[in-house]
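Letters A, B and C mark the chains in the order given here, with residues in each chain numbered from 1 onward.
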Amino acid sequence: MKKMKRVLLLIVIALMASALVACSTPATADDNSANDEVAKRLGDGVNRIGFAMAEITGQAVQTEAQAFEDKAKELGFDDVIILSAENSVETQVTQIKDLITSECDVICVYSADADGVVPAVQACNEAGIPVIAVDRGINGGEIYCTIASNNISDGRDVANYFGLMTEGEAEDSVKVLHIIGNLSSTAQKERADGFRIGCENWGQLEIVDEVATDADADRIYNAVVDAFKVNPDIKAIFVPYDQLLSPVVSALKEIGMFYPAGDPNHVMLGAVDGATEQLEWLSEGINDISISLDFLGFGQTAASVAADYVNGISSNDVVLTKSIVCTAGNVEYLAKAGMLWGLSE
Amino acid sequence: MKIRLPKNAIDYVKPGMFVIFIVFIIIRVPIFFRVDNLISVVAQGAVIGIASIGMTMVILAGEIDISVGAMIYCSGAIASEVFLSTQSMVLTIFAAIVSGSIFGLLNGLGVAKFKIPSIITTLAVSNILTGMGSLIIGSDSTLIAGDAYKVISQTKILGLLSSAWLYIILFALFLVIVSKTRFGRYIYAIGDNADALRASGINLELMQTMIFVLTGTLCGIGGLLSTSRLGGSQFNLSLGTEIYCIAAVVVGGVSMTGGKGSLLGTLVGVFIVAALDNLLRLMSVSAYIYGVVWGIAIFTIVLIDILKKKQDIRNRQRQILDHK
Amino acid sequence: MGIHPFCAYMSYKVNMESNDYLIMKDIHKSFSSVEVLKGVDFSVKRGEIHGFLGGNGAGKSTFMNILGGIYSKDSGDIYINNKKVEIANPMRATQNGISFIHQELKLFSMRSIADNIFISRLPLKGPFKLIDEVEKNKMAKKWLDMIELDVSPKTIVERLSIAEQQMVEIAKALSYESQIIIFDEPTSSLTKKETQTLFRIIRKLKEARACIIYISHKFEEIFELCDRVTVLRDGKDVGTVNVSETTTDELVSMVIGERLDQYFPTVPPLTSEENALEAKNFVNYKLNDISFSLKKGEILGIFGLVGAGRSELARAVFGLDHLVSGELFINGKKTVIKSPQAAIRARLSFLTEDRRSEGLVLSMDINSNLNLPIINKTIIPIIGLLKQRQMKANTTEAFSQFHIIARDAKQRVKFLSGGNQQKVVLSKWFLSSPKVFIFDEPTRGIDVKTKAEIYEQIVNMTSAGCSAIVISSEAPEIIGICHRILVMKGGRIVGEYLRENATEEKLIKSAMGGE
């Protein structure tokens, strides 16, 4: 028994060690430094750029990471380090400090928490390394440049679409269900604010219920089922991002309120992100509007702003990427034009 | 002159609160008592209810299982994946139950065989399963199994959804197992005095493992139902369910140190937890206040029980004094 | 009552040639290179009550745990009814007809009596193998009747008194129809009457030709009950004697290895007339208008049967139980004590009856336990860290002063013998330099030699200026070390004796209300 325990312990230690080694292997370094677009060599003579990401699961972030890496290499960075913090601020702070230690010339941060990451940003400031905030804002420290989507306008665009579609209806006659996602996400909060502002501009839209769901599918499902008991004539539903639409659709089907677009009983569904699934749904008439964020743009812009810095070209404090409003009418064209990250290839 | 409360004032607090609560609901949210709402409360509570059966057994045995949410998540993801690739109902159900049982076995072996405290074992297993579940779902962060998959939980039989029926059947089955069989008696005995049970020649390790395996099996079924309801799985679906289960079990009066309580109590607890959730939504309580209200409600219910227990002890002492 | 209740035992054919039913030969046992048992021989006849004596660390409990299947022996043989047996685990012990009634009860306190007795043999019925509650309760009732315990088998065990719980243990042992029954200090928490009932049942078992092994520290009980007695010392059996042919002095010298002339220390005469502590009109759910005083340097004995309210009085003084009315004066000053913290601040110390659960943190080491009451003094201010060096110094002092026998200060308390645990409790409280000590059954479950040491410590403390209240149900002990003795009964003080004119008979008589 004792021997067995010892063997087990050894195995566990070995596993942990190998996991550590695997994790700490940096993203593949590009040996090809022939590209001389980056003229000035800083510090140790190697142009190194780091990207501390809150997470790297999910199509959108992967698109962002890939675009960043490709663009950075194209612009002549020798070493591109991409780290994932698995949504933990503590991990992210440590990772950013690691990036400082490995003498990155520029550090990009897709923050796990807008406030929690501030100490790490301050550490970068002290080390004289510029910080570029990507996708999400950071609430402190000196940020060299913030690259983000205009979340408020994204939310407002959905409300505007609902408004346009129901133009001419009586005052407060179009009942809207507003599903609130994760309250600790700035982006989701801003989208919610934008959506509210948008609804106010249209007299006929009335938000009858706002439900907190922590972005949990089960709770969204229950929220929709219960909301229709109180207001059986809800005409439109907004969720903060696309993937939260599937529990909404399931719930509508359970209570028999699901009708495809075009049907007079159709409940309009709108969200932000532009995920593959929901873009495909647009043509099937399941949902009505999706705001496709420019994840490709996030990554590429971050890399170019960084390259500009190294080359001594200054940049704006804030660079807003353009989101694209996708509906059944334009989605096919946009996809063909290669403008949607969710429907590339 | 001091105003003196009746001796057993605390006895009337709970029924009193219950009455006020009911009156409040009738006036404020009459929809709550509509048949279709009550039916959906049962359906909404089914997954938590099924997992709470396992949680009750685990807590009665003096242990804790915080991997419940992750087990539901991972076995649900497996079930959706199996359905997606085979379209076979039988295989899907089989996959959910077997995977849940295997996860439970991991917990059981950790606790019973290697003597790792259950909170650590299940925490570790919880992390493993969360990762595994996400791997299965893949980078799309949703896994859609199709509408055919919904048949498992959404079929209506005699006005109730099949998930609710499943809960009722499982509850009845486990009510008998826990209160009427040898195994059930051993569950209580483990939480009461594990050493004494071992000394009675009963295979304690086997019993503990069984409890965790059964909990895993129930979570497997829970995973099947929760994903079937949504027609597939999604990132982090059902994670954190254990908190609701523990709340239901504790509200139901099961002692956290084991040995005392019953599944019937848990049934009441599950209903209260599900009804509270439903009510808060029907009343559209502000997003920010939702958690606060929920927490205070659970805390109050448990507090009353504890105060009542204290009162009972004091009464017993007073009786002795009066007797003299 | 036509059929004798123990007819089950009678069905055995008695083998007249070989008298010894249980034989244990040359038993050896070591724990991590420390030899605890150095070749012990032991045998019990059918229909015999065999006493088993030994000091702390003599290997008594190790030896019995080998018989009970809790430990496995290193070498040696066990024969039961002339057949060699191996007892690998408690279940094998049960199968070999051995029942062990432990000092710490091994019951399921939240289950019914019937569940407790039949937990491993629950009767089943029907196609689904459900528990047959009716049959189970009927069977349990039969065994309860046999031990004259008049309660429903459905009663939850935690509602029973300690004595009744012990009876349940005995009923459980009987229900296995065990041929060999080991009693480990069964009377330590029983009243006189309950003890007599127990003895009657043990004698019945003897009549039914069972082998009884009776472990006890109380010589009176050995003389009253046992036929033979075996004494264990330092891991060896020093001998087996017929009880009818021996004396207390002989047994004591066998236990401690030398003649014990001075069993109790000399108690110095009282010097002060000042009151260290005075209680006036204490009333609560158990106490019925109690007043008493304690002088400086005095050892005050409180005698009474279990349930007389002795422990409750101590608990009330120490702020553990609420008082309905009553006043407390310490050094002549009125003091209100509503919590143990307040009591410690008023420099009172309380050694509870249940040292394992109330007096010690069993899983912590000796060092930490010792420094617990004075933890505030061993903390570096503001930083909150413990002053390790000072703690160690305290511990070293305690080790030498109280003769604690342990591997080192890092040994965890749960692995110490009962006597050494009590010494740890004693020194722990002594470190907080209290003015008044309250001892509740300070020598319960402790061997003669350690008892003597503890008496000496109590007397030493009082000569250093402390006062002490000693609660005990052992009359000789209380007469041996106290200046003055109060007798309690039913929550009242029913008698007061000075040491000079107290006798065992007088105390017991007034405690039982004989006057």
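One rule holds in what follows: a contact is a pair of C-beta atoms (placed from the backbone, for glycine too) under 8 Å apart; a residue touches a chain by one contact, two chains touch by 3 or more.
A quick note: this is a predicted structure, and the numbers were derived from the prediction, not measured.
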Per-chain Cα centre nearest the global Cα centre, belonging to chain: B
Furthest chain, CA centroid comparison against subunit B: C
Winner on C-beta contact pairs when B-C is weighed against A-B: A-B
Distance from the mean Cα position of subunit C to that of subunit A, given in whole angstrom: 68
Subunit B and subunit C: spacing of chain centres that average the CA atoms, whole Å: 43
Between subunit B and subunit A, distance of the C-alpha-averaged centres to the nearest whole Å: 34
Numbers and ranges of subunit C residues touching at least 2 other chains: none
Residues of subunit C touching subunit B in the complex: 70, 89-91, 94, 106-111, 115, 119-120, 122, 124, 128-131, 284-286, 288, 324, 491
For the subunit B and subunit C complex, residues of the former touching the latter: 176, 180-182, 185-186, 188-189, 192-193, 195-202, 259-260, 317-318, 320-321, 324
Subunit A residues within the subunit B interface of the complex: 5, 8, 57-59, 62, 180, 183, 208-212, 216-218, 221-223, 225-227, 229-230, 243, 246-247, 249-250, 253-254, 275-277
In the complex with subunit A, residue positions of subunit B that touch it: 31, 34, 36-37, 40, 44, 47, 114, 134, 139-142, 144, 147, 150, 154, 226, 229-232, 234-240, 277-278, 281-282, 284, 286-288, 290-291
